[in-house]
Amino acid sequence: MSFLNYLVSGLSLGSIYAIIALGYTMVYGIAKMLNFAHGDVIMVGSYVCFFAMMRFELPPVIGVLLAVLVCTILGIIIEKLAYKPLRSAPSLAVLITAIGVSYFLQNSALLLWTSNPKVFNSIVGKGSVNIGALSISYVTLLTVGICVVIMIVLTTFINTTKMGKAMRAVSEDKGAAQLMGIDVNKTISMTFAIGSGLAAIAGVLLCSAYPTLMPTTGSMPGIKAFTAAVFGGIGSIPGAFLGGILLGVIENFAKAYISTEFSDAIVFGVLIIVLLVKPAGLLGKQVNEKV
Amino acid sequence: MIKSVKIKDRIEKSVLTYISVTAVFLVFFVMNMTGALSSKISGMLVPICVYVVMALSLNLTVGIMGELSLGHAGFMAVGAFTGTSVTMMLSDSVSNSAVRLIIGMVVGALFGALIGFLIGIPVLRLKGDYLAIVTLAFGEIIKSFFSNIYLGTENGSLRFSVLQNNLDLSEENGKIIIEGAMGIRSIPKTATFLIGYILVMICLAVIFNMIKSRTGRAIMACRDNRIAAESVGIPVFRYKITAFTISAAMAGAAGALFGNNYSSLVASKFNIDTSILILVFVVLGGQGNMLGSIIAAAALTVLPEALRSFADYRMLTYAIILILVMLATNNPQFRSFFEKLTGKLKKNGKEGGHES
Amino acid sequence: MSPKEYIKREPLMPQPATNFIPERDIHKSPVIECRNLGIDFGGLSAVSNFNIAMGPTEISGLIGPNGAGKTTIFNLLTKVYQPTHGTILLNGVDTHNMTPAQVSQAGIGRTFQNIRLFKDMSVIDNVLVGLHYQIDYGLGTSIFRLPRFFSEEKKAREKALELLSIFDMADMADTKSGSLPYGAQRRLEIVRALATDPCLLLLDEPAAGMNPMETEELMENIVRIRDMFQIAILLIEHDMKLVMGICEVIGVLNFGQLIAKGTPDEIQSNPAVIEAYLGKQKEE
């Protein structure tokens, strides 16, 4: 494969990371918590879509919509049951709870659907577009396209709608937002709903590109997407997009030119270096504790 | 109404911990000697010691230093691979297996400390969630490092290669030790319950004696309020790295004990699931509570084996325990509910206690 | 420090004539001296041209409206923020390049406006953390519990109890500090700062949240601390009775600038101060 082909597949992987990272970054920006379970919501979304398409033979579009719906509800439920009671708790407690939720989802999936990998049929055809030596599969085109669309819609939503404004207000100052009449709980729920809905889309795209589906499918991409969000500057939407794309490309190049076994280690190494040089990430802003 | 909470004297608590650990050890040691234990239980005695030490070590980081490490299995891996390699290399020159094991554990602890120190330098400059995620990243890097290295000896010299087996060991004099993803094989089982117990006691003594000293107070001060600690002259970073290095050394020693307890050792064992499992011990036993960690680690290591049918639900149960313990200890409503409950029990227990 | 940074720093200025040291200390060299001290946050000047000098046994006050930059000055002195302009001399030594921990070891103790205790530790442990550098044994000595550990710990505990007894808190030694009442928490913060053996004590609103009786007691205690330890005390306070009652010199800050400096009597009649507090009166 040529350099360009690696670049294109890196962009495709990066787009998936970017969509997942958007969920992390929005939740972090508004609820100031690291939703460790986000990666496992991806997995749930993929299973829902898988069963809708394979078992009930529904058209792919319905499958995707169903996955989005289920994940949105799941996100809201998780937030209500596990995170909302800990709004004022130290961040260590919230993080441990989130890890608990992540393991809960993974192991529930293990009991429900067993650890046997399922072969996921792509939601679009197998074909590809050829431009000279470069061949781009439909899945890649779709993934990159959807990522760009999501990015544009989300930015517009945050900047122009009333809910978007409320989200920005809550992320700046929860207390002040509440005094201005913003329903903080509703805003946080909404954020989780959007993030989880995006996770479902990311899950379907992920499984279309890499067609094995297992209960642990979401965890590694989840961690890497979080890495991407931190890389770009957590809390920043363009940052998540940039971080996701960069990370996907870096990972693919590492696989192609250095070593497949070490690609994960290289990705994490990049995260560590970025955090040391720019502790707030590429586009994040540094917040200091007030004395 | 002024409510004053008396802090229990830690010396008393440490003595209680030493006594109960020793008592339980003696009972099981004698039972094991006389053959009263089933082979399944006696085979779990060393792993229990290993996980107890891992829980104590992580509790030092999470409970005393107040930072979350999600890569603790990585330090265990460092100790396991270095310690076991050393015992394998010494198998010809040192005949006494206990001495070999102890050398292996010391080497494991030293390498654990070294790696902990080196990783601590960048990691401990970060805060909170960032710190946690970077320790996770380092844990994964260590794991993939040990799955991709090859180590062997030939005529007393070391041969080492990364990614591919380029050792070119000769048939008669060469001996492969670490073989990439297959790890270390045909390890002589030298770990014993007695040495495991001694390791637990050493770790306990180090932790308790450190907590109740100027070093321990400085570490806890940094945990409670970093800015205030600096304002009284405590160099926060130096104390954090001290605690982190000691914690990593303990994990290294535990790893070496672990490695020498099985006939084969693979790096994939030390994944994030293992790190999380150890975190569950710490959280369930109570952050900063050493006896709690010991009980949680021992109980949760034995239970799934004792209840075979329970094994499928093990991780699910752990997840639920993790969430519930966090909600119970950190949610104001939950907490006041539990406080009322325990308050009532205490009142019933002893009349007219001095609690106002 | 890079050479470039070094050039950027302003040269030492001659001691400004506006500095004021009480008669008692006039022949001694000042314990702290700020020359042209200032800090910018993102181009916005929070404090600028701040000049003071304090005698080694002086009690001074810093007053001014909210947001005038009083706490910022404390944060500059203790290096929580690095100053962008000027020099701080502590006993004649430039504190440039020092970390907050080093400044504390060099002799500045402080309390915080929003109380910062080690909440999960006992009262005496809070003080023992303050005594950290007066306890002389290493990590190995404590792990092996060598005789030196016990003798040093005993000495430190006695010292801590002695310090606590200044505020009659010795009987609360084993209480968890987070569960103390508000006033006691403020007092414990002062004891903890005193434990570091400072030559300058910075008190950030020590009377906040105290009732008049407690404030009265605090005033006596501040003077007593100065007399006992022979140290300088700089305090920020909104309670004018306290400030006017015990401070020998008062500085008034407004918009990050020192607008007046002098004895309590001078300050009370200074038109610039009245304007800063009450606004400009309309010409009739």
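Here the chain labels run A, B and C in written order, and each chain numbers its own residues starting at 1.
Following the convention adopted for this analysis, contacts are C-beta pairs under 8 Å (C-beta built on N, C-alpha and C of every residue); 3 or more make two chains touch, one makes a residue touch a chain.
Bear in mind that the values here come from a model prediction, so they are computed numbers and not experimental data.
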{"item": "Chain nearest the overall Cα centroid", "value": "B"}
{"item": "Farthest-lying chain, centroid of Cα atoms versus that of chain C", "value": "A"}
{"item": "Averaged-CA centre spacing for the pair chain C and chain B, given as whole angstrom", "value": "42"}
{"item": "Approximate Å spacing (C-alpha centroids) for the pair chain A, chain C", "value": "48"}
{"item": "Distance from the mean Cα position of chain B to that of chain A, given in whole angstrom", "value": "32"}
{"item": "Residue list for chain A, restricted to those that touch at least two other chains", "value": "291"}
{"item": "Where chain C touches two or more other chains at once, by residue number", "value": "80, 112"}
{"item": "Set of chain B residues in contact with two or more other chains", "value": "227"}
{"item": "Chain B residues touching chain A - in the complex, by the definition given at the top", "value": "62, 66, 68, 70, 122, 125-126, 128-130, 132-134, 136-138, 140-141, 144-145, 147-148, 163, 227, 276, 279, 283, 312-313, 315-316, 318-323, 326-327, 329-334"}
{"item": "Contact set on chain A toward chain B in their complex", "value": "33-34, 82, 85-86, 88-97, 99-104, 106-108, 110-111, 223, 226-227, 230, 259, 261-262, 264-265, 268-269, 271-272, 275-276, 279, 289, 291"}
{"item": "Residues of chain C defined as touching chain B within the complex", "value": "78, 80, 99-102, 104-105, 109-110, 112, 116-122, 125, 128-130, 132-133, 135, 137, 139, 142-145, 149, 153, 156, 172, 174-176, 179, 181, 192-193, 195-196"}
{"item": "Residues of chain B touching chain C in the complex", "value": "2-7, 205-206, 209-210, 212-218, 220-221, 223-225, 227-236, 242"}
